[in-house]
Amino acid sequence: MRKSAIKDIWASGGAVINGWCAIPNGFVAELMAQMGWDSLTIDTQHGLIDYQAMLGMLQAISTTAVTPMVRVPWNDPAAIMKALDAGAFGIICPMVNSREECERFVGACRYAPRGYRSSGPTRAIVYGGSDYPAKANDTVLALAMIETREALDNLDAIAGTPELDALYIGPSDLSVSLGLPHGLDRNEEIVLAALQRVLDACRRHKIKACIHTGSTSYAKRMLDMGFDLVTVLSDARLMMLAGLQAMQELRGAKAPAASGKVASPY
Amino acid sequence: MRKSAIKDIWASGGAVINGWCAIPNGFVAELMAQMGWDSLTIDTQHGLIDYQAMLGMLQAISTTAVTPMVRVPWNDPAAIMKALDAGAFGIICPMVNSREECERFVGACRYAPRGYRSSGPTRAIVYGGSDYPAKANDTVLALAMIETREALDNLDAIAGTPELDALYIGPSDLSVSLGLPHGLDRNEEIVLAALQRVLDACRRHKIKACIHTGSTSYAKRMLDMGFDLVTVLSDARLMMLAGLQAMQELRGAKAPAASGKVASPY
Amino acid sequence: MRKSAIKDIWASGGAVINGWCAIPNGFVAELMAQMGWDSLTIDTQHGLIDYQAMLGMLQAISTTAVTPMVRVPWNDPAAIMKALDAGAFGIICPMVNSREECERFVGACRYAPRGYRSSGPTRAIVYGGSDYPAKANDTVLALAMIETREALDNLDAIAGTPELDALYIGPSDLSVSLGLPHGLDRNEEIVLAALQRVLDACRRHKIKACIHTGSTSYAKRMLDMGFDLVTVLSDARLMMLAGLQAMQELRGAKAPAASGKVASPY
Amino acid sequence: MRKSAIKDIWASGGAVINGWCAIPNGFVAELMAQMGWDSLTIDTQHGLIDYQAMLGMLQAISTTAVTPMVRVPWNDPAAIMKALDAGAFGIICPMVNSREECERFVGACRYAPRGYRSSGPTRAIVYGGSDYPAKANDTVLALAMIETREALDNLDAIAGTPELDALYIGPSDLSVSLGLPHGLDRNEEIVLAALQRVLDACRRHKIKACIHTGSTSYAKRMLDMGFDLVTVLSDARLMMLAGLQAMQELRGAKAPAASGKVASPY
Amino acid sequence: MRKSAIKDIWASGGAVINGWCAIPNGFVAELMAQMGWDSLTIDTQHGLIDYQAMLGMLQAISTTAVTPMVRVPWNDPAAIMKALDAGAFGIICPMVNSREECERFVGACRYAPRGYRSSGPTRAIVYGGSDYPAKANDTVLALAMIETREALDNLDAIAGTPELDALYIGPSDLSVSLGLPHGLDRNEEIVLAALQRVLDACRRHKIKACIHTGSTSYAKRMLDMGFDLVTVLSDARLMMLAGLQAMQELRGAKAPAASGKVASPY
Amino acid sequence: MRKSAIKDIWASGGAVINGWCAIPNGFVAELMAQMGWDSLTIDTQHGLIDYQAMLGMLQAISTTAVTPMVRVPWNDPAAIMKALDAGAFGIICPMVNSREECERFVGACRYAPRGYRSSGPTRAIVYGGSDYPAKANDTVLALAMIETREALDNLDAIAGTPELDALYIGPSDLSVSLGLPHGLDRNEEIVLAALQRVLDACRRHKIKACIHTGSTSYAKRMLDMGFDLVTVLSDARLMMLAGLQAMQELRGAKAPAASGKVASPY
């Protein structure tokens, strides 16, 4: 079976640099796959992406050795299984707030007896190889998002879920849940303390700790803090920030401020 | 943040005339947006529309000042949040039959602490403006559909749900639920009495009363009855009825009867 | 081979009522195919339709007995042959201004030795039947558009082109070419005289005379004048006019005038 | 209302030969509809198909008399109702493991009072006819998949669900659930005994017994065993096996083994 | 009729900053339209864009006041007229090498008697307004690309073509034609001399001079040199360069060099 | 630059086995790319494929080492250059009947000074590598189709065209041109003699000889005859023949005859 770059990096003690796809387009995914990310996540939650777009993007990423993951819109077995059958090698599931929700999530990622994923990896077997059915349970990653106060309260119960591979922090939702404004790359003490709590829980339960960021500088800070995977900027944000900077260079004071006005918070 | 035409009209005491999109096509949506409706609802339940089509239609409507809403296929947070992130300024949710279901619905429309909507308005921030995250909770409308006997039984519990903006009557399902045939623009006493009950409940709970109709004459009758928003004819029905009328003019007795044979009941 | 409703009607001395598709959508085409038109033309010139949309629309029309034709964007063998291979049973070619252009057009519609159409009717054989290659030359219609002063000057040369089935008048372009404004359903003497000239030329050369109109009343007038096929209103125009009328009924004086503002001239 | 070929065959005591569509493409569906299957199922679970692709495929199948069904991704009323509104004449629902799940499933297929399907058959009324709302409850088929040990344990409770038309065995998942490897066309005693149990339960409850197979020989064996509907090979598998065989003929020993490497297990 | 931002800027003596769309996606076009460009050109020649993608992108750009242009794949009346009917307010035509070719090009952009554009602005009339047919000839821009040695030889003949609005330099093709490697932002004397020759010809014939660049610095240099419109970076190049820079920041020496490896030369 | 499998095989004295894609779908292309063909040609002439479908299929094929080619709809520089910019490593051009037409064709495949291809390989540089602009002229293949009596008459003039890589026989059109019925795999003396003439001309001019076939047996015969590339069966034909055979096995005499009724002649 095709190897997961993420699992290989983690096995060798390294940290993964993950890119993020919010634009529903195969050529954008193909360009992203050329930049040097270890893995790329197709965001079908807040990204403007549905199944058919995701499928083309998974094919585009498959032109390279970059490992594809999918963030599903919700903790829904249909969405999870369709993404896996299409060839995703990992699922990031939003809003996992309890042990029960986490079990429901990871169960959808594993064939019986380790879960309840339905058999029929139509494209996954093309992408992964003929031994996919036998080896998928050990290759596909299940990452549960921690992004609410309630999830923090249930942190050990969630982190201890069998078959779970990692926790993935959504800092914007977490901030809102903690009474702060929307946005990434937070410096508030309460947020940083929460990040540390998640990191510690992951270490206790021997799973990986992952986090979403909005800049290379914050991503590096998170790597230094010990995170095992950092997501850095989406395709839309990359393009938007670059375009606003070009405008600034061309128009100076007359340009729209590079305020990130239209860049999505993720 | 961009203004909602619906909220503006309601604030000034007026009633909203809403158009309905069932055809999965951006140019049709753009034509509909030129006709003079105050708002347009993209029907992803009975309309032949899924996410990617909806996205193009939201962009097409955004070429005008018409306010876009989306009817979701079901009371499902994934569908609700994806429609909002794509720029819908209101959600019509079908089959809301209890207070619990209504709370689940409106919660998906509001960021914490007023709900559990996840943060990441990728296109909504482009359409709405950079202050969207701060102001969305007060701009986005949540309309719950009343279309079963059970919903009528729970009318006050539903209407009193915090954060709910309006009730929206689905007359065809309501008729079926009451033992009558499918179809809009009902004249049966039992249906008219139910409409009045919904209207009264809305007044009691200081929310708006909305209804689906299939003709301008019935729509006017509903406006006279006091409804705050009427939906009048879908794109498909407009085209079908006009086509059948043209055939009648051209072929006379030999034409297929303008029986609405293929026009959808909505 | 499947029969052409157009050829059958003409064989029995009747006139064809043709519908017009400008919206790139299969469901719209399916609705149009239910209204009672004898034939439907997919307009890939001024309609917002390209190949992939046309293909889905041809399939949608194939759910009925309505005969499909395609207007190609230009006198281009690639476009003509691709439309025929996809299952069109007739081609309307714009801007045919000379005998040479007409020969180039009809040659693309016929297999050797009657023309130079390339062999490979991938979907046409599914739609038409296994004897399509043998019978296509006698079933597929070639209609040349007369819509410039130059074409009028070359009328007999064009009308006498072997393998040509009909002339098809484009009144808006013809009007512009004659120094008049854009628009259908002309009443100017100079235009009416031109229509009669085309009609007479068709009679002389034993081919059919066809014309585009924008209303049922003008279409009936053209049928009375002797035309063998009239096109009446497009899907977009049907929907737009019906929508503006609904607005008028609902808003009265406050409505946008039903001026056809956004309805396309065709 | 248009007849269901499946119901007609069953009414005459025959067995249905069902084709399977996993490729998201309307032309493939149109080709499949020409081969001679009684019915075709569009697989939106393990097939690479979402709503918009399904819609075009339903239109393509509607060019013939073949009866279309849809396998939904999960027991989800939104997916079920959207497939029915688009014109599916039957729903195959995966992973029905209990009476409660089965009731939830069949309820979504029936209008009140026999279920809770919402009224608005936008395309179904075009495909089925104007009496669709009145007759759909008696035409649309509900087939529940039996594919886990848990479902076998609840076999009579499931099979006895009112409004259920048939059980449909998913042999690959069933095998995995029974501790065997993935794959169709099983010969293990434990699987064959389970098939017989399902068949017997169907007979007891006077519903139909259906099964998925991966070859014509196993399909014939299942027909001999008494199954009322057999699915035989998907479009993808047909093409893949034929391609590998061609390679074998061309390259002999140098060809990739016709091991079904990339053919999906379904 | 809606105003052209390009014509307004030129009328006031200013220079236009034009953005470039090579990615076939409406959301990317919508983001580009938010950055501050005066105009955006959808590149259907070297961009990965065909008609249906272009149509959605034109709608996306129409959500703003940015003026849309289209580069057509070739000097082909079908492509030119379809882009104009879809709402493009300007056409950039590649490889115009002679007066005859230029006349053929500009003729396709103008209604009779000023050209031979066919009447039927289906979406253009929605975007531009009801007086589009009357005013299009004076609003739509025709820009001919100068990008070969042959074109330089015919410079005055081309520049003097009636109805032509501007020359647009394609520096990569021009370089190749002059025996140099592919690429933008050339500093060779021979290229700079050619640019000056084009600029001078434009001044002589009172038309505008435009040029494609690959960086803000070269764009500013061209503005200083006197060009009336500069194109600066495409969406794909913006995203690619930003991504490679992010990689550099994250991985340092281990990153792929920001060599523009996969960025298109345009 | 990425290697062409076709050029490598030819360099080592071997013959190429080419697959054929007529179905507009990326997953079908991905399956085809797994079967063992040396190269795959996307047929945008008689296949039901336009640009956007072709683009996704090129990406799908790029997940493997199979070399992609494109058959363009006609000898049109726009179509040729767009296919090359999208990453095709060879172009098959239909209906090349004279030296002049052949020069026009090969010129569109080569950058100056060897041709007039325009510079801007947006995706080709991603697929081929950063040295694509420098090396494309020596990697991209130009194959001219010989499929008419006229082409046979001009055989040496065509075969001697500088920069031409191969002749490619279209046997169905050639047969029709010679007065025979449509169809592949001809055994008539006149056709076989023509094939030999083409083969001999290729040997004289030191270019490759290629041919389209419809079965593995005829393909092998052509390889034995000395052809350097054989195309064997399309995706649609593979699936159709396999489906009809399955029907035969299941229904026996009651099945539709495996007559290739709906399989396209190519």
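Chains here go by letter, A, B, C, D, E and F, matching the order in which they are written, and residues are numbered from 1 within each.
Definition applied: a contact is a pair of C-beta atoms (placed from the backbone, for glycine too) under 8 Å apart; a residue touches a chain by one contact, two chains touch by 3 or more.
Here the structure is a predicted model, which means the values were calculated and not measured.
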**Those chains which touch chain B and also touch chain A** = D, E
**Superposition rotation for chain A onto chain D, Cα-based, multiple of 5°** = 120
**Asked** So which has more C-beta pairs touching, C-F or C-D?
**Response** C-F
**Message:** I'd like the Å distance between the centres of chain B and chain F, where a centre is the mean of that chain's Cα atoms.
**Reply:** 52
**Request:** Quick one: report the Å distance separating chain E from chain F, using the average Cα coordinate of each chain.
**Result:** 34
**Asked** What whole-number Å value describes the gap between the mean CA coordinates of chain D and chain F?
**Response** 38
**Asked** Just curious, how far off is chain F from chain A if you go by their C-alpha centres, in Å?
**Response** 42
**Request:** Check each residue of chain C and list the ones that touch at least two other chains.
**Result:** 24, 27, 31, 34, 48, 50, 52, 55, 76, 123, 126, 236, 261-262
**Interchain contacts, given as pairs of chains that touch** = A-B, A-D, A-E, A-F, B-C, B-D, B-E, C-D, C-E, C-F, D-F, E-F
**Complete:** chain B partner, complex, touching residues on chain C are 17, 19, 23-25, 27-28, 31-32, 34-37, 48, 216-217, 219-220, 232-233, 235-236, 238-244, 246-247, 249-251, 255-256, 261-262
**Asked** Quick one: in the complex, what on chain C touches chain E?
**Response** 22, 24, 45-48, 50, 52-53, 73-74, 76, 79, 94-95, 147-148, 170, 172-173, 175-177, 179, 181-183, 236, 259-266
**Prompt:** In their complex, what parts of chain C are in touch with chain D?
**Reply:** 26-27, 30-31, 34, 55-56, 59-60, 62-63, 123, 126-127
**Item:** In the complex with chain A, residue positions of chain B that touch it
**Value:** 50-52, 55, 76-78, 81-82, 85-86, 111-113, 116, 118-123, 125-126, 129-130, 133-134
